[in-house]
Amino acid sequence: MATKFVHVLSKKPRNVDDLGSDMHRLMARLFPICRSLTGPGVRETLGILKEHLPGLTLHEVPSGTKCFDWTVPDEWSLREAYVIGPDGSKVVDFQKHNLHVVSYSEPVDVELPLSELQEHLHSLPDQPDAIPYVTSYYKRRWGFCLAHRKREQLKEGTYRAVIDSTLEPGNLNYGELVIDGDTDDEIFLSTYICHPSLANNELSGPVVTAFLAKWIAALPRRRYTYRIVFIPETIGSITYLSQNLDHLKAHVRAGFNVTCVGDERCHSYLPSRAGDTIADRVALHVLRHVASDFKRYSFLDRGSDERQYCAPGVDLPVATVMRSKYGTYPEYHTSLDDLDLVTPEGLHGGFEVLRRCLEGLELDATYRASKLCEPQMGRRGLYGTLGTKASDVTTQTYMDILAYCDGVHSLLDIAEMLGRPLWELKPAIGELLRHRLIERSGAETGKDTDGR
Amino acid sequence: MATKFVHVLSKKPRNVDDLGSDMHRLMARLFPICRSLTGPGVRETLGILKEHLPGLTLHEVPSGTKCFDWTVPDEWSLREAYVIGPDGSKVVDFQKHNLHVVSYSEPVDVELPLSELQEHLHSLPDQPDAIPYVTSYYKRRWGFCLAHRKREQLKEGTYRAVIDSTLEPGNLNYGELVIDGDTDDEIFLSTYICHPSLANNELSGPVVTAFLAKWIAALPRRRYTYRIVFIPETIGSITYLSQNLDHLKAHVRAGFNVTCVGDERCHSYLPSRAGDTIADRVALHVLRHVASDFKRYSFLDRGSDERQYCAPGVDLPVATVMRSKYGTYPEYHTSLDDLDLVTPEGLHGGFEVLRRCLEGLELDATYRASKLCEPQMGRRGLYGTLGTKASDVTTQTYMDILAYCDGVHSLLDIAEMLGRPLWELKPAIGELLRHRLIERSGAETGKDTDGR
Amino acid sequence: MATKFVHVLSKKPRNVDDLGSDMHRLMARLFPICRSLTGPGVRETLGILKEHLPGLTLHEVPSGTKCFDWTVPDEWSLREAYVIGPDGSKVVDFQKHNLHVVSYSEPVDVELPLSELQEHLHSLPDQPDAIPYVTSYYKRRWGFCLAHRKREQLKEGTYRAVIDSTLEPGNLNYGELVIDGDTDDEIFLSTYICHPSLANNELSGPVVTAFLAKWIAALPRRRYTYRIVFIPETIGSITYLSQNLDHLKAHVRAGFNVTCVGDERCHSYLPSRAGDTIADRVALHVLRHVASDFKRYSFLDRGSDERQYCAPGVDLPVATVMRSKYGTYPEYHTSLDDLDLVTPEGLHGGFEVLRRCLEGLELDATYRASKLCEPQMGRRGLYGTLGTKASDVTTQTYMDILAYCDGVHSLLDIAEMLGRPLWELKPAIGELLRHRLIERSGAETGKDTDGR
């Protein structure tokens, strides 16, 4: 019983190049799809993810559904969008880049002088070659985004702006994957699928999450049940919470919002609102050991779905581990956040930190020493029998672990005290269990609902 | 209901020059009065304060009354006191400065040689032009104080020392003002009126307190009831406590000992004995924002009535915010602590810090977000509807406040987390209440006795 | 009642030279005895200690007795042990140094070539003149230890190795001394007597402990009962715990493992596993005041009987104060840890820190001020009656103590707040008790089992 999860994480992840490249390839396939909060782009994305995760359940929530303070919006479909200049050529064309049209633009087909068109154009004077990403989900508008350098070249004259979109009742779509574990205590992963053609601040999230799910599913056994959702940001998490809050509050022991995990710059951490949940503690532990120069943000720097998961009254233990955080890097929310910015190495690094976090959660448990006083390690072959001046490092590890197997300190606590990564203690824990020198304690990190 | 106190503090204080000058003018009027623990000087002082604060109740406690370990002393009246030198001229004369006579001197009329007179003289060799302030409340003595430079000029010969005083049963006097609020939770202010002709370490206290009382009384409404006492130091606070301890322990939520609030040097803070009461927290919050270079003392540096208010078993939440603390500035307890040392600007600065503390206590409350997850700010006009790269500072303030309206963190906690002064959050709180996005929580800073 | 222990510690220790020399003399007498876990050397050592401590009770526990995970080993007796070289001379001889033979060596009398002999030899290439200390308690082996320089001079040829030892059922011996106090709350001291001819890491412990016991016994009265054991390390403490655990858990309020208290280098501290017991707090307090440059170790650096006393489920409040810690100084576990390394001054310093710790535990108590507000010190002669600018240091001490006699802060807490050693507050506490200004509070440091 007590040993069941010791072998869980023995499988090595595939080597970096393969794994990173596989993730990047999936990202490249998803990149051209025109996603928004709702609409065919979301469904197409979920369909591709389901190829990788056959257990993915696809949900739909009708427009108009009340979700706490919100209402599921109408579904947006966009067929084409362009601006024709005075000389008859297309000066802006959605076919060339998804970002050219303001997301959720209402349909329009109008001729107007440049001066009036300007009110519907968006560009970035400081990044003259970047197309900005602009949305207008909750107010009916239409607009186009373009590189500032191009905008400056527009000549006076009459333009024709065409957006062939529909905004009408439909559905909000999301995907949910549950991977059963030995207990119904849950680890919750959430990532979003609502940004068109943006790589770090969007596709790195669902891609890394999909590959984490594959890794989880391949484990011989799991202590935790994993609940993984692919949702549109904000309205999606609010919708999901409005339909699942009681279950989540009862079962989720730790969770991560998976976003911005693909570039090669820093690693970073944004805490849960409470700041000291087991998700926070394991994230900090992993980052200290694998990327000690990681950037640490405050919950005040939040900006993604942790806003909902950690809201007062929701209070899920959801932390965020990222690479370059949304809003902090120059390519953010522009056409420069692309397939070059996110690399196989970057994705692999983001994957590894999260994998170590999940591994840590699986390993973390509270033990109790079976014997009073130190056990005699020698007759169990766990100690050199000839006492000399040199100390046996391995023996010290056994003894240090035993010294804190007191039913109070968890393995994560012990690893922190020893200044060593949790995963390095796995072999010693295995041996100590095998020799019945420790046993699992009732005081679990999270509560086991099946009484173990 | 929940919004009642939001508008409470909207009244601006009068402008600095007027307010500071008004306070300095009152101080100048009180300065020449010969105050001591008891006697006519105290009554005259209370009479003038009552002109400003008509609600002031004057109390008298007869000599001989037992107050915990103490007894109210006889009342001391001084008519004149002088020393005539060998040449017949007055070398020391109480008419020229109140400090020339040791406070509570017994009557005397004696001729004696200089050598014997010296035993009754007090001066400061290191401050040769200053007259020291000396008292002998609890042992019968007589004595004179004078500038050391003058003392050195005294010639051998026979002197006549005359003190026309009486020390006989009378009363200890103090004033008490209660300004009702919406609850019977109380804020307690205490200041002292027992030093003759000393400006920073005495009169700045009752003067600033009187003007705070006027400001409080002018508020449209108050959450707290304010109890304000003008008492002689030590024996006065002990007497007051001995007669009001149960009430104070039951009702006082925060308090301040108002002393040394008139010079222009530093601001300073001396904690309550507990150190973490709401009075301490709001004082530190205000000082960090309005005088970040303030000096921070330890309770071990105490020396005024916080010694009684924070004594074991009394344990009132009373902190002290000052300008230059008693005992730390060179003019302290000498004739140099005068109307030049204390200025209109100095008084105004002392007033402002305390006013901000009271404002903070009125504003501080615990709220609960009314909606699960973030509310949709856009349809309430509290959010830009076009999502772009630039963030709306005001929206961020709303969202940050909402994120911590969890029924646990008070507004003071939130202001501390945001690194902003509490009073800057007032407009946002007002809007959030107006839109019913938050509501007052039962978990108050102090307990409301009327069940709200 | 409340005053009883105030006079307890008034006896001055004997002067440094006498005390240090007396301790060093006892150490020199114990040094030549061949101690091991068991055997005649332990009994001889206990016999000599009993000359100093007539109340010492000698215990024996038969070989084969189960003690938690351990079994009391056979008793080891060694009569002689030597190696004869090819030229017929003794190249190693136990008569010359106890360390020459591996402790617990089985009997042997064998001729063998040098190459085979080498497998049974132990030396230290980095310390070529030191004989190492080697044991093989729990695996049957035989071996010799010698200076590396000598080992390198051994010539090829046939050697005869003789160890005339017996390893057969007998007893494990230890000594226990109980000195009664006013309560049955106990202070526990443990030290070990199982190393042959090693001074700092062995004999300094029992010698200082013996003299502490004499000092304790000479006190006019004691609040605590003292339980002091002289045991072999590890198996001895495990054996003792296995027979006394319930009693110790019920009564021990603080304890110290006394080891490595004899050299003149640093003082050092190793915490209990919990880290914040009263033993830890008093040890840190004493060291900060008498040896502020002391070295502070972590419980992870443990290596002596605190491993057992602080094991999970045992959890005694046992801390360790040392001079140079075992394992950290070059002479450790070699023949260089001798009577020159440990000096009278070194022993005296080790003694003094522990004596101060015990004194601190006796003094530490929680008091409650008898009067509400500050008492009037003047009429009790505890205050200058003429208030002037200069403050009376003694009065300040009284007032500072009184300010924290709140039934919550103990005298140790107060001493820490005042930044003064606990023992300096003794006279003030005595006066305050005499004047009935404070009284002992029920909230004791440790719980008194007789209801006081």
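We just call them A, B and C in the order they show up, numbering each chain from 1.
The criterion applied here is as follows: a residue touches a chain if its C-beta (ideal position, glycine included) is under 8 Å from a C-beta of that chain, and two chains touch if they have at least 3 such contacts.
These numbers were taken from a predicted model, which means no experiment stands behind them.
S.K.: Residue numbers at the subunit B-subunit C interface: does the shared fraction exceed half, giving same, or fall under half, giving different?
M.R.: Mostly different residues.
S.K.: On Cα atoms, by how many degrees is subunit A rotated relative to subunit B, nearest 5?
M.R.: C-alpha superposition angle, subunit A on subunit B: 120 degrees.
S.K.: Quick one: subunit B and subunit C, Cα centre-to-centre, how many Å?
M.R.: 55
S.K.: In subunit C, what residues contact two or more other chains?
M.R.: none
S.K.: Quick check on the complex: what are the subunit C residues that touch subunit B?
M.R.: Touch residues, subunit C against subunit B: 368-369, 371-376, 378-379, 385-389, 399-400, 402-407, 417-418.
S.K.: Using the touch rule from the top, collect the residues of subunit A that touch subunit B in their complex.
M.R.: Against subunit B, the touching part of subunit A is residues 68-70, 122, 124, 132, 134-139, 141, 234, 237-238, 241-242, 245, 273, 299-300, 302, 307-308, 310-315, 332-333.
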